[in-house]
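As written, the chains take the letters A, B and C, and residue 1 is the first residue of each chain.
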Amino acid sequence: MANWIPHWMQRLSSPPTFYRFAGVLRPWCMALSLILLIIGLYGGLVMAPPDYQQGDAFRIIYIHVPSAWMSLFIYGVMAVSGFIAVIWRIKLAESVAMQSAPIGAAFTFITLVTGSLWGYPTWGTWWTWDARLTSELVLLFLYLGVIGLYHAFEDRRQGARAAAFLVLVGVVNLPIVHYSVQWWHTLHQGTTVRLFGKSSIEADMLWPLLVMTLSTKLYWVASLCGRVRTDMLSLESGKHWVRDLAMEDEA
Amino acid sequence: MKPGSVSAAAAAVLRRDLVLAWRSRGDMAMPVLYALIVATLFPFALGPDSALLARIAGGVVLVTVLLSMLLALDALFRPDLEDGSLEQLMLAPQPLALMLSMKILAHWLTTALPLIVIAPLLASMLHLPGHAIAVLVLALVVATPLLSLLGSVLVALTAGTRRSGMLLALMLLPLCVPVVIFAAGAVSAAQANLPWVAPIAWLGAALALILVLAPLACAAALRIAVDA
Amino acid sequence: MDTGFPSRDLQPHGQVIQPLGQSCALLPDSMMPNTTNTALLEARGLTFLRQDERVFGPLDFSLAHGEVMLVEGDNGSGKTTLLRVLAGLLRADEGNLYLDGEPLDRDRARGRMLFMAHHLGLKADLSPLENLRIASGLYGCRPRTTPANVLQKVGLQGYEDEPVRQLSAGQKKRAALARMLLIPAQMWLLDEPFANLDREGIALVNGLIEEHAEAGGAALVTSHGAVTFLHGTPRRIRMPA
């Protein structure tokens, strides 16, 4: 392992340490995520004013947009941890990349379904071959390819490394998804929320969206913690710390 | 050429794969036959309306070629992996990426080139106008190496697995969406008498980039997949 | 030795560079006789894990120039894995390898290690001669060897142009042995080299290994334990089950 990786990261990347750390983190994240979910949904569905063009139909934005952001964000996380997995072969990075994939695929699926539900009242069709929708579909295929490749190997760590490599190959796809609106002009509306400069969305409508975004992020952290913990237990099933843990449970 | 020099090694690998392909010419004909059958099925399914067929001809031929290439892709490394010659290639004191690019070149010459040759036939069966056929062939000349190169990376990743057919399709198809969009865009632009050079130029730029990156990625992927 | 193998035919390499002609004249640095006493190959604490299960190790051994070592062990004891690690096809989880005293990595290993495995690495649709031409193209060849004359040395004259597919198992093995003579690799890693061979073939392998050792090379030979046909009393590594 490279020397420049900070000491605490090395400590954390050891499976037993991470197992304990994730065990503490998980319930807090889950609880906070649920609280924010309730606040965000109340703010979005009840408090926010209806859109002057789309009426109440726009409210699906509070599911659709956070999911879409998560679908991209999780792929980005997978790319970073996949890179670490391929280069330094750190078990935790392999696990994070692979256990994120089903969560990311689920968010991508939600994005597609809510997008098409939103599309019907606004565009008059369930599905259009619009650039962003298409790219999101491609992203779903990419997720499924990664999951499929991971499970095709007999050796799980080798499968994780190969799939992590596929994530890196597919990373080229990510900017294509994001900039596709600029590349192919179609009927999908342009970006309305900007990090810098003035957003073209009312503040009353914006804050529940941001709360929902935070909630989905925390949900992902909680879910990932649980999945990686399970993965660590099964990967390290022969190790002392797992055996000790099992003994503790029995006692 | 000195034996053991990089150029001699590259020539040896290229010649070997071409000779092997020639000795099993029957396998070489399969993708071509497959493309022919798929393209023939479309008129039966859609009816002999030549205006309709002409409108979809470019896309049909492109997708048919893509699927035929996908069919042949699995044979890129599997025989070499099974008889141990891939290990001999990996242990040779030569840049692996270059050796692999020779293999990819041989694979392109033996699978994609025949498809490009019959593409005008397929396109005229579907009533694509003459000037659009020329653009279609040009688009294929640029797009098929891209597909071969992208495919080689993915097929290298699946080299260590038992089953790979459907998986390879699932992995490859998302990556070749832009290739299909630009290649088909060029053909339909030509059909509509619009300028068609820009999409081809984009494909050419992508090819130049992938030509350098894909063999390196392929070598890295192969090392991951063979490491058991 | 009744091998049909002229035993002094292979010269120690390194002195003469022949003009380029029919025979190969490429002489990589790796074949230069090493004058110092450093071991050709040294392993320290070499360990390999598969899914966190120890396959072998920690192993410590060293091979001097001109030495032949036998790797013994039952099926599944990790002999082949050890050879694959040494060849640079697999990455060891712990421990260090040194080639001529310098740390060995994959790039330095390539071309200096010859690995003959259960899969011989011959293309069945090509003739032995064509197979060897590819090998010499990839690896270069020793002084005064050509694909044709090494095939003669292993007793495959008359079969040069038959497709490998039509050769017997023993003849295929001989074609792979011919590649060992051709490739200028210093360190031979031979996985069960005596399998599929008749008595004459076994004597041939022994002859080749001795020639190679006398020329300053070294060899690591695996055997699954019951019998070894290796001449003399080589040093042994026992792979624990």
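Assume a contact is a pair of C-beta atoms (placed from the backbone, for glycine too) under 8 Å apart; a residue touches a chain by one contact, two chains touch by 3 or more.
In this text the structure is predicted, and so the values were computed from the model without any measurement.
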If chain centres are mean C-alpha positions, then the most distant from chain A is chain C
The larger set of C-beta contacts, choosing between A-C and A-B, lies at A-B
Per-chain Cα centroid nearest the overall protein Cα centroid belongs to chain B
Whole-Å distance, C-alpha centre of chain B to that of chain C, is 37
Rounded to the nearest Å, the gap separating the Cα centres of chain A and chain B is 33
Chain centres from averaged Cα atoms put chain A and chain C apart, in whole Å, by 50
Residue ranges of chain C touching at least 2 other chains are 50
So chain B residues touching two or more other chains come to 227-228
Residue ranges of chain A touching at least 2 other chains are 155
So, in the complex, the side of chain C touching chain A is made of residues 50-53
Counting only contacts in the complex, chain B reaches chain A at residues 153-154, 157-158, 160-164, 167, 170-171, 173-175, 177-178, 217, 220-221, 224-225, 227-228
The answer for chain A against chain C in the complex is residues 155-157, 235-236, 238-239
Residue positions on chain A within touch of chain B in the complex are 86, 134, 138-139, 141-142, 144-145, 148-149, 152-153, 155, 158, 161-162, 165-166, 169-170, 172-173, 176
Given the complex, residues on chain C that touch chain B span 20, 24-26, 28, 50, 87-91, 109-115, 117-126, 130, 133-141, 184
